[in-house]
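Sharing a structure here in structure tokens format.
Chain nomenclature is as follows: A, B, C, D, E and F, assigned in order of appearance, with residue numbering initiated at 1 for each chain independently.
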Amino acid sequence: MDTLHHLIDTALDEDIGPGDITTDNLIAPDLKGKGVIIAKEPLVIAGLDVARQVFERLDSKILLNSGYYDGDTIKEGEIVLEVEGKLRALLKGERTALNFLQRLSGIATNVRSFVAELENKNVRLADTRKTTPGWRVLEKYAVRVGGAYNHRMGLYDGVLIKDNHIAVCGGIIEAVARIRGKISHLVKIEVEVSDLSEISQALEARADVIMLDNMDIDRIKEGVELIDGRALVEVSGNITRSDLNRLADTGVDIISIGALTHQAKAVDLSMKIK
Amino acid sequence: MDTLHHLIDTALDEDIGPGDITTDNLIAPDLKGKGVIIAKEPLVIAGLDVARQVFERLDSKILLNSGYYDGDTIKEGEIVLEVEGKLRALLKGERTALNFLQRLSGIATNVRSFVAELENKNVRLADTRKTTPGWRVLEKYAVRVGGAYNHRMGLYDGVLIKDNHIAVCGGIIEAVARIRGKISHLVKIEVEVSDLSEISQALEARADVIMLDNMDIDRIKEGVELIDGRALVEVSGNITRSDLNRLADTGVDIISIGALTHQAKAVDLSMKIK
Amino acid sequence: MDTLHHLIDTALDEDIGPGDITTDNLIAPDLKGKGVIIAKEPLVIAGLDVARQVFERLDSKILLNSGYYDGDTIKEGEIVLEVEGKLRALLKGERTALNFLQRLSGIATNVRSFVAELENKNVRLADTRKTTPGWRVLEKYAVRVGGAYNHRMGLYDGVLIKDNHIAVCGGIIEAVARIRGKISHLVKIEVEVSDLSEISQALEARADVIMLDNMDIDRIKEGVELIDGRALVEVSGNITRSDLNRLADTGVDIISIGALTHQAKAVDLSMKIK
Amino acid sequence: MDTLHHLIDTALDEDIGPGDITTDNLIAPDLKGKGVIIAKEPLVIAGLDVARQVFERLDSKILLNSGYYDGDTIKEGEIVLEVEGKLRALLKGERTALNFLQRLSGIATNVRSFVAELENKNVRLADTRKTTPGWRVLEKYAVRVGGAYNHRMGLYDGVLIKDNHIAVCGGIIEAVARIRGKISHLVKIEVEVSDLSEISQALEARADVIMLDNMDIDRIKEGVELIDGRALVEVSGNITRSDLNRLADTGVDIISIGALTHQAKAVDLSMKIK
Amino acid sequence: MDTLHHLIDTALDEDIGPGDITTDNLIAPDLKGKGVIIAKEPLVIAGLDVARQVFERLDSKILLNSGYYDGDTIKEGEIVLEVEGKLRALLKGERTALNFLQRLSGIATNVRSFVAELENKNVRLADTRKTTPGWRVLEKYAVRVGGAYNHRMGLYDGVLIKDNHIAVCGGIIEAVARIRGKISHLVKIEVEVSDLSEISQALEARADVIMLDNMDIDRIKEGVELIDGRALVEVSGNITRSDLNRLADTGVDIISIGALTHQAKAVDLSMKIK
Amino acid sequence: MDTLHHLIDTALDEDIGPGDITTDNLIAPDLKGKGVIIAKEPLVIAGLDVARQVFERLDSKILLNSGYYDGDTIKEGEIVLEVEGKLRALLKGERTALNFLQRLSGIATNVRSFVAELENKNVRLADTRKTTPGWRVLEKYAVRVGGAYNHRMGLYDGVLIKDNHIAVCGGIIEAVARIRGKISHLVKIEVEVSDLSEISQALEARADVIMLDNMDIDRIKEGVELIDGRALVEVSGNITRSDLNRLADTGVDIISIGALTHQAKAVDLSMKIK
């Protein structure tokens, strides 16, 4: 909550700084105006409320109106959002509001295209922690808007035991036992494994989730069979959109993909003042 | 300066929050380790100092070593950076440091590919204000690392008079005159025009820079001729990499492209703990 | 991490404000001194590192020395910590350092007395969210130092479905199903129930944890039998120290008690300047 | 003023963090509800306005209604406060609002029981600086609500010369003289003394207040006689409730007790959603 | 924008701190009152909106009314501003609001007296970076209110090459060339010169502005002739009000004077509560 | 403490913002340099430590050396401070360090000239709350450096009952009685009076200090006689330097003058890079 307020303040500060020297000197403070934000390509919209907050920071009485909700698909040329209020606020907030909308909608649109590959599959597509620093909560929100699921928010709300942890503790069984004795009973334990012998250990340790890291399809199939429902199975590592279908058919429960966020590009939106 | 410190704090906070429950419970606080960050694809590196600051926030005595400087080209498989210090700091800082490096190097790498198109051309490639909110200074830095130029930092350090300003003021000549009487003598005045008649007015108003907005090549050529060195000429609007060569030959002074930043994707870097 | 830094700054600010008018006017800035912090009653110490940070904020070269670690039992009259540095820093930091130590050690000492009741019992004693606002992470740390376990950190890192959520969703089964489709696969689902019929629904919904809220011993026994290992069982609600033994014998997995934190009193520590 | 706003923000942030994953996923954003906060034991209420601010942070249009004011005595089972607004805000703010109310009312209730011992006595009961870090202003407010007086707020708004200051300055007379020449004429000077000879010096130095530190009743009586109205007399140090009556009869002006704040426990309040 | 909010918060915090102990203890919270702020000497008013924000921070429903706008001349004895709202807010905000108004109007009044010397002269009077730390944007605003112009806001929005830069780069021509290749095309380049030979170099380097530093009138005249319109000419350095007329007649374009801000004194304003 | 750190950060941020575009582009990061700050007029120096902190923020290894301490008188042309470190830090910090030194030394120099008028007089010269918003602690420090005394820091650390408080309470005696029952026993009570009858009431109410507001010399003499040592006597209101001598001879204890701070002008200091 506060994080978003702060990011919006920072964004406006870095763009406006001590003042918009063009607008402040040419546009009278009380002049009113109306702007429309238009989709310049097909997209899944995300961030309407963020855009609203940007403009409200500049004019507390500004009016926003949209026929869409986050998650809606919008065609090229359609009006995403109408904004009516002080012309200065429209001109000063335009770029910042668009920068938020373009990135968040870019992620939602990207995610939606991955999700489409998995229609009717009984598998969950999840994001990772590969997000833009400062944007974790926002980008994870855009992932949900796009139709995928969030993995843990950060290092604090889920256990993921990786090779370095295992090496230091002297084995998967020791690592899981040690951590189970320390964490809240509400947090699940996931173990990252890189071969079949480690899977056996993770099962013996009663891990809640087993992540098969960077394995090929055949090894994944073997893994799923070996686990046999005794833990959730997640696959991760360099997965592209075209792999999704085959991966889903292996029976894994979760496919996590960093590209949902870090390979998303901004979509094209523009604002016209009327 | 403070902006970056704050962004790094925010980034670590959003990832670590009240604690890395895996690492804090499994790794002893004084255990030391060494990590190497490796390029998983060819890239132009940017953000080495940001990565350093991330790790130093977690272990003030951590040692970093790199054979490269920001702007260097790095081949796939090469070591970008070595980090040596507390293992907890390596594990907790890894993702945040990589998230910074991946995005900044992604921009630098993208920019370099645009710059390559303009070799031996007497034209300046510039970025725009289409940056990730909260990242303006960092992304503009990555643009310079990639070899292009910065346009104004924000609305505060350069005048750009657009159609809405002109409409309200009653014409280009009125708008330029009014603003010249208000701003510092060190700030230049740029006017955005959309046709040739407006160019004449901008020249009459003695604009320092004239931006030809969304014009086709032929109109741009006409514009450059008409302006004839009396103002700098900038072109902008939906320009792709393949347009660059032809645009440069029109004689324009500046080509500004939002895609330098907002179409950049993260490059692939990973960290191995030894 | 940042939260603690900020709390320490706030604490010093609220005590020192624009200046310690007694010390600043009577003690020369470079005068050195030595102080010892002494236990005035038997206690379990917690917060040594917080005390260290308080003094370091006032004199970056101050030296602290202790023969104890957080969690150690200290007898009345023993020296907990020695501090050596600028006399001004000792006098200005004394009260704030003690205020931190007294409250955190008060919690650890209180928790230890509860934990002692459960020796050799196979049950986990857990805290709640009934903590001092602003102190969540610190007080939960003191609970661990005392030997008990943390429940979820906040509303963000664990699901606990209560009667109001159930009522709105139309039943336990509906509520669990709806939330399972939204949250990360690493987060467990706990359901609060108040009678046996709700237990059946929670089991049918495959809740990970079932909280028996405010039930008497006989109902708890019935509940544990009914659940029969298919979910973790937590009891909560107005539990006193003297109930612990009997509760443990019912076979529940977790006993959570707000009094661990909110009924803890400060223990008595004082500082002598030598 | 800002301190409280900040503490409320911190408290909500530490509890809600990136989101209440139970409520946000199960309760529709616009659903309304009503809650009542009930006293589960007899208490003196303090913090009603803080609770109001907590809920308003989450729903600016929430309505609060109470038949009580801070300082009122409330019986077990009575409704302290009614809250009506968005159900999400009720569920997310409940624990934080209660945590504030429970601690502040706990202090007010504790203080009131001390004050009751001094009815009809011509003596002032005062708090100390032994408060929860970050809560100084709030806890001192609860002390006033309970019926006692505040000692100085911090090290900045009153002079209290202790043994270490005296030792460094070479005596009470020297210390008082030196500080009188430096501080504002509106600040009083208090000197802590531990025997009768020091009292004489403090009187000679014309201290405004003399604190008799850790003396027994007979010595206190002697002290009061010796001072004979030439300075205010304060006693402090390990005073329990049962000592109050006898202490008051010695003729001292102020009795200060750290236990007013640091030995207060939270009182029991709960919230029911209707 | 945020800078001002923060400065107002800081100002109220440093004055009110944990509370106005006089007003909070003597004035009922809901008592209303009316105050008038009166000019005690002739002045040019600046900061009316800052004063408004100060009072609104303390009473969001306070009403302010003024017959003047920033920049108006006000005679001794006239009412500058009426404030109506909670009496507590009036009494607590009075000093802070006046402190802002007195300093900002002091600058505006001082500037106006300099500007008056240059009536009908074709020259621009500009401020410098000699402003009160923390007040840059506000004081530069007051300069504009007074009728003069702003030089660059800071080191970030204009290039000013001084002797040290030149020495390091090996000459004016080298320095200008190097920086032109790095900065945005919207930023002008100013070069500080101290003799005629340097002017030639600055012209050869095509500097946009040439600053004649600490030259006497005759040298300035020579400089203006030599430059002959090929760059803007600025003079700076120990200029007093009585020099202005003669300086203007030399034909320089800009006269910059630090005394506009750093030699301004507060004007006298007081507030009466009715 | 934190207030000063924050003000320095704000000051550097407002001057440097996203970067010193001249220095960053022309001066290599590791180049070293040396600067000397020179008094351009006779002055009392104040703020040496603030200047040090400014430069250290920009180069943590910078070395500063001064032959003077705050409060020393420095002749025109003498070196106040030598600074040696990174040239970039010298150039970027120069203006901010000077702006702090010029204002603080300006106040100290101004105060010293007032103090000189009162040599051998038994009266205390005090400042007021008429300080630059954000600078309260710093300016009050400079007042002490100049040789005068501080009045209360703000509204929180001293009681000053004015006419509006008195009117609301129904008289001086009622106001003093009411507030004595609420405030800490360490805070003195001052009452502002405007005629002799009010003095009698203030004496009856046992005010610690009586302020004679805006009275002429004869009335002040009468007041002092009437009070006759039963309270401290302060005079305030439009007092100029030339009044001091006669005022001192009336026997008042404190003369408070807002002009100590708000009529102080910056003194002239400059920095030369060698």
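Of note:
In this text, a contact is a pair of C-beta atoms (placed from the backbone, for glycine too) under 8 Å apart; a residue touches a chain by one contact, two chains touch by 3 or more.
Model, not experiment: these values are computed from the prediction.
Taking the mean Cα position of each chain as its centre, F sits at the greatest distance from chain A. In the CA-based superposition of chain A onto chain F, the rotation angle is 180 degrees, rounded to steps of 5. When the interfaces B-C and C-D are ranked by how many C-beta pairs touch across them, C-D comes first.
Residues touching across the chain B and chain E pair largely coincide in numbering: over half of the numbers involved belong to both copies. The geometric centre of chain B is 53 Å away from that of chain D, both derived from CA atoms.
With centres taken as mean Cα positions, chain E sits 45 Å from chain A. Averaging C-alpha coordinates per chain places the centre of chain E 22 Å away from that of chain F. Of all residues in chain A, those that touch two or more other chains are 3, 14, 16-19, 136-137, 153, 156-160, 182-183, 187. On the chain D side of its complex with chain A, the touching residues are 9, 12-13, 16-19.
If you check the complex, the residues on chain A that touch chain C are 124, 126, 144, 149-153, 156-160, 182-188, 190, 208-209, 232, 234, 253-254.
Residues of chain D that touch chain E in their complex: 1-3, 136-137, 140, 153.
Of all residues in chain F, those touching chain E in their complex are 3, 6-8, 10-11, 14-23, 25-28, 31, 33, 87, 91-92, 95-96, 98-100, 102-103, 129-137, 153-162, 164-165, 168-169, 175, 178-179, 182-183, 187, 262-266, 273.
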